[in-house]
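Both complexes below contain chain A, partnered by chain B and then by chain C.
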Partner chain A sequence: MRKTLWDYVYTAILVLIYVFLMSPILLVVLMSFSGGEFLALPMEGVSLRWFETLFANSRFYDAAAHSFRLALVSALVNGVIGTLAAIYVAHFASPRLANPLRVLMVGPLLVPEILTAIALLFFFFEIGIGNQYSVAIQVGHIVVTFPYVFLNVASALFNFDRSQEEAARSLGAGRWLTFRRITLPAIKPGLITGCLFAFVISFDIFNISLLLKSVGNNTLPLELFDYLRFNFDPTAAAVATVSIFITFVAVLIVDRTVGLRSLRF
Partner chain B sequence: MTTLRLDRINKFYGAVQVLRNIDLDIAQGEFVSLLGPSGCGKTTTLRCIAGFETVDQGTIFFGSRDMTRAMPEHRDLGMVFQSYALFPHMTVTENLSFGLEVRKIAAADRARRIAAVLEMVRLTGFEKRFPRELSGGQQQRVALARALVIEPSVLLLDEPLANLDASLRDDMRFFIRDLQRRVGITTIYVTHDQSEAMVMSDRIVVMNRGVIEQCGPPREIYERPASQMVAGFIGQSNTVPGRVAGRENDTYLVETAEGPIRSLGPDGLSGEVRVMIRPENITTDPGGGTAVPAANMLAGRVVKSVYQGDGCILGIESAGGTAFTTNVRADSPLGAGAAVIIGFDARQAWAIPA
Partner chain C sequence: MTGAPSPAIASRGGAQRPVWWLILPALVLLVCFLVLPYVSIVVMSFREASTRAVYGDGFTLEHYTTVIADPFIWGIVWRTLRTGLIVTVVTLLLGYPVAYHLARTRSRWASVLYIFVISPLLVGLVVRTFAWLIILSNGGVANNALKWAGLIDRPIQLLNTPLGVTIGLIHVFLPFVILPLLGNLQAINPEVAMAGRSLGASRLQTFLRVTLPLSMPGIQAGSILVFVLSISAYVTPAMLGGSQGRTMAVLVVQYLVDSFRWPAGAALAIFMAAITLSVIAVYLRLTARAMRRLP
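Our next item is the complex of A and B:
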């Protein structure tokens, strides 16, 4: 097909959008290799010294581990309850109930995060758990990342031909076996994307963590914020770089093992 | 021997009654079609038999066992869906293997049975393919094979040919019919295509608005329809309204706007009726009427003639104002406007209660 002027214009617009989205990230990565004392441009030489400072700082370690645990639990728990909720809304709820329920389920996306955080804060102090044992913060992360799993699984279910389930039943499989062998493989791509989203978002959440964290247990974004309040050296950029690297590796692993390319958007 | 019996099945969706007193006995090895327009309840009936819909009143027997409330997986049925419903993440072999694995059949046995069934549906060599790598006709045969490989007591087919193109559909009719005869499996086939039902079935159940209008062999359904609806739904028909005026042996005399018409009909017919004549049973004569059966002879005029390749369709308006349709040879001299005498035998006319 011959390229028209518009093809070039579209390409140019696309490139600009990517530059706009990617340049801050690239800049941060770049600055983490800075040899200077401050987070500033132009860079004064190249070094790995800020990574050294970072890895010598056990507070970042602990915060990263805490964030990782929160994100992992959020992804796993939502994988189960998000799927159950999506199945109910897509397959069992009456048509009159299905739409209001769908809106309700994505509620955490619609309500400002800080409101959810305040509500949960009141709730957990009222029932006497308060901010002990990271229960509140974990629940907060689960609540806020729940819609990602729900939406992805629900959309997979809406594209799923349910006569496959009936075929399995007629072939002698009970409900559970039918779910495990037929429905689950069909929604797997949606489920994995949803969990991946939940993980990445949870890793990144700030407001919820700030209000609900238990004493002394910072998440990585909180730790970074604390650090930046008193220091303005490229260690922060190094933290960001490592964090981007971890996310990137996670996406890569998922892509290689189950294949994001099989997902149809 | 009866394999399947529906006893006064009633089903409601809310306040709407979708099945009304459905009674049906299906014998071992029989091929029964459920035929009717969309929304007539044929698919609902099939889904009740399969256990995907619950029955509000009535009983479903498999042999002598009451299976009305049994789960689908306990009914020992093979089902083919309109969408085929193949498992997209499994190969042909895995699709076929599923039902056997669920039944805990040993691996060697499974392989043997899968190979045998694949040969039967002429798909040997396609074992490793995924459904998306097959044509519509091949997917259809995989669906059939998957239902048959578990050797069910009854095979249920829900409009399995609806998604195929016309020429393939014709082939598949005979293919399914042959296969069914060879395997000897009791089969229930849902379709809205009357010619499909006609060529495949031992018995056709014509349904309309949740009731069974008529149930019988194809010939009976076509030649002796029990109601207007059946006559109209199956094939082409001409009808003349009238009143029963008398009976000579097995022939009714029906008084109509066209004069008296002699016709066969069910016993005990009286009052208002409609006489039905199939287009192919009408003889036309442009001359003095010597070439048409003497029992019923009407004068008329050709109002249209449509060339169809293998013949012409003639639209004729009779002296009494009734519209008739019939087929003539393509080289017939009858064109629009021509005067014509039409005739049909009393044995080829059928009176239906109006």
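Our next item is the complex of A and C:
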């Protein structure tokens, strides 16, 4: 088709929207390499000094380690129970039961995270656990990231031809062997994507952590938030850059192993 | 395979061990730590405040009547809803062209563009909002650019205003409107639009009469998602809003964390949820009417 004026206008609009989408993130990364004291453009030279400040700061290091632990446990726990639940809902639940179950399973995505955080806060105090240990925050992270594993595994199962399982069973393979050799390889892309997203989302979530954290145990987003209350310097940008870097490594793994398009929200 | 199961499979199905234990861990997790907490928050909102425990024993409607009678709270409710509405409309206007292009393009850059849409979602909210702190502050990038362009002499106040919050929220939630729209537009057969063109309709007519109505489900899903997310957002209004841009979620957290008024905070949270649900209900009715003519 011949290009009209409208095509050029449309392309220009698209470029502007993509710039709007990406430039703030690139700006943060750029600022972390600033040589000056201020978060402003134009930058006064380039340096790595803010990363030195950052790595000398044990608060950020502890917070990052805490976030990493929470995210890892969330991904692993959900990897198991999310997969089991998805197999049940996709293959075994009666049609009448499957729909309500599906709604419950994605429930944490349907309700506002801040409300869930408030409800869990009250609940943990009511049952007497409170926020003295990391139990509350860990459970909160698992609940909120559960749907990512469930949805991704369920959508992998949706495209999976069950007659392969039946063939394996009829050839004498047991349940476990059938699962390991037939079902698991088929759902692997969904499982990897789901777990990595559970990890990334858990690493980033704020509201749950704000209300459920145990005293003195900040996660990385909380530590950054607190830091920004009293400071406004490129150290914060360096923290942000490190956390962006961790996220992008995870996304790269997904893209290289199973492809980003398989992602389900 | 044909519809009816073969006799061999059907007979083996009868001998299968029950498999409900597969769902059990997930069910326990979500019932104990999602359903029950939501029930308990409702219960708490009817309890009397107490200085010794989380809440007292008596039953009271006092927290709700206080919330409903307070003009200060209504002011914040209106501001939150207005912000949510503006954010929803603007993200829809910005997100639609992007989703439309991504759904149709055969460019080899498509997957790069897709990563551009996804990646902001995966960068934490605090980080993305921090970026807007850098851009919107008085000595920040936006003001410096405007000054450099000669449009202003003195910095204009963007931070700690409702405008700043709105801009931040639009950026933060834009991908959430693009993704549902993209899924919806990809499912529309391009030949339908081509048929419209071949019957003599102009591009604009084809878009308005064919593509746009067919993408209504995507518009509906994306806009509800963004509306709910933006009126319950905490991080962005807390970081960019100051006291001028305070929203409902910020107020609730202040009740809970700063002043420990838990039953009152619970009532406020439920009030917020009820308002959200009623707005969505109205919206669903309106859009259902628009979608009734769809195949």
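Just so it is clear, the second predicted complex is superposed on the first by the 232 of 265 C-alpha atoms of A that agree within 3 Å, B and C clash if a C-alpha of one lies under 4 Å from a C-alpha of the other, contacts with A are read in each partner's own complex, and residues count from 1 in each chain.
Quick note on the criterion: a residue touches a chain if its C-beta (ideal position, glycine included) is under 8 Å from a C-beta of that chain, and two chains touch if they have at least 3 such contacts.
These numbers come from a predicted model, not from an experiment.
By the touch criterion defined above, A:F55 reaches neither chain B nor chain C.
Touching more residues of chain A than its counterpart among chain B and chain C is C. When the two complexes are overlaid on their common chain A, residue A:Y133 makes contact with neither chain B nor chain C.
In the superposition on chain A, A:S163 makes contact with both chain B and chain C.
In the superposed model, A:G174 lies in contact with chain B only, and not with chain C. Legend: residue contacts after superposition of the two complexes on their common chain; A:F245 is shown touching neither chain B nor chain C. Once chain A of one complex is fitted onto chain A of the other, the partner contacts of A:Y10 are limited to chain C, with no touch recorded for chain B. Residue contacts after overlaying the shared chain place A:F146 against chain C, while chain B stays out of touching range.
Taken together, the two structures place residues 163, 166, 169-170 of chain A in contact with chain B in one case and with chain C in the other. Against chain A, the residues of chain C that register as touching in their complex are 1, 8-9, 12, 19-20, 22-23, 25-27, 29-30, 33-38, 40-41, 44, 54, 94, 97-98, 101, 111, 113-120, 122-128, 130-135, 137, 139-141, 144, 171, 174-175, 179, 203, 228-229, 232-235, 239, 249, 252-253, 256-257, 262, 265-266, 269, 272-273, 276.
Listed in rising order, the residues of chain B touching chain A in the complex are 50-52, 71-73, 75-79, 81-83, 85-89, 98-99, 102-103, 146-147, 150, 156.
Contact residues on chain A toward chain B in their complex (touch as defined above): 161, 163-164, 166-174, 177, 181-182, 185-186. Contact residues on chain A toward chain C in their complex (touch as defined above): 6, 10, 13-14, 17-18, 20-22, 24-25, 27-28, 31, 38-41, 80-82, 84-85, 87-89, 92-93, 101, 104-105, 107-108, 111-116, 118-123, 125-126, 139-140, 142-143, 146, 150, 163, 166, 169-170, 200, 203-204, 206-207, 210-211, 220-221, 224-225, 228, 232, 236-237, 240, 243-244, 247-248, 250-251, 255, 260-261, 263, 265.
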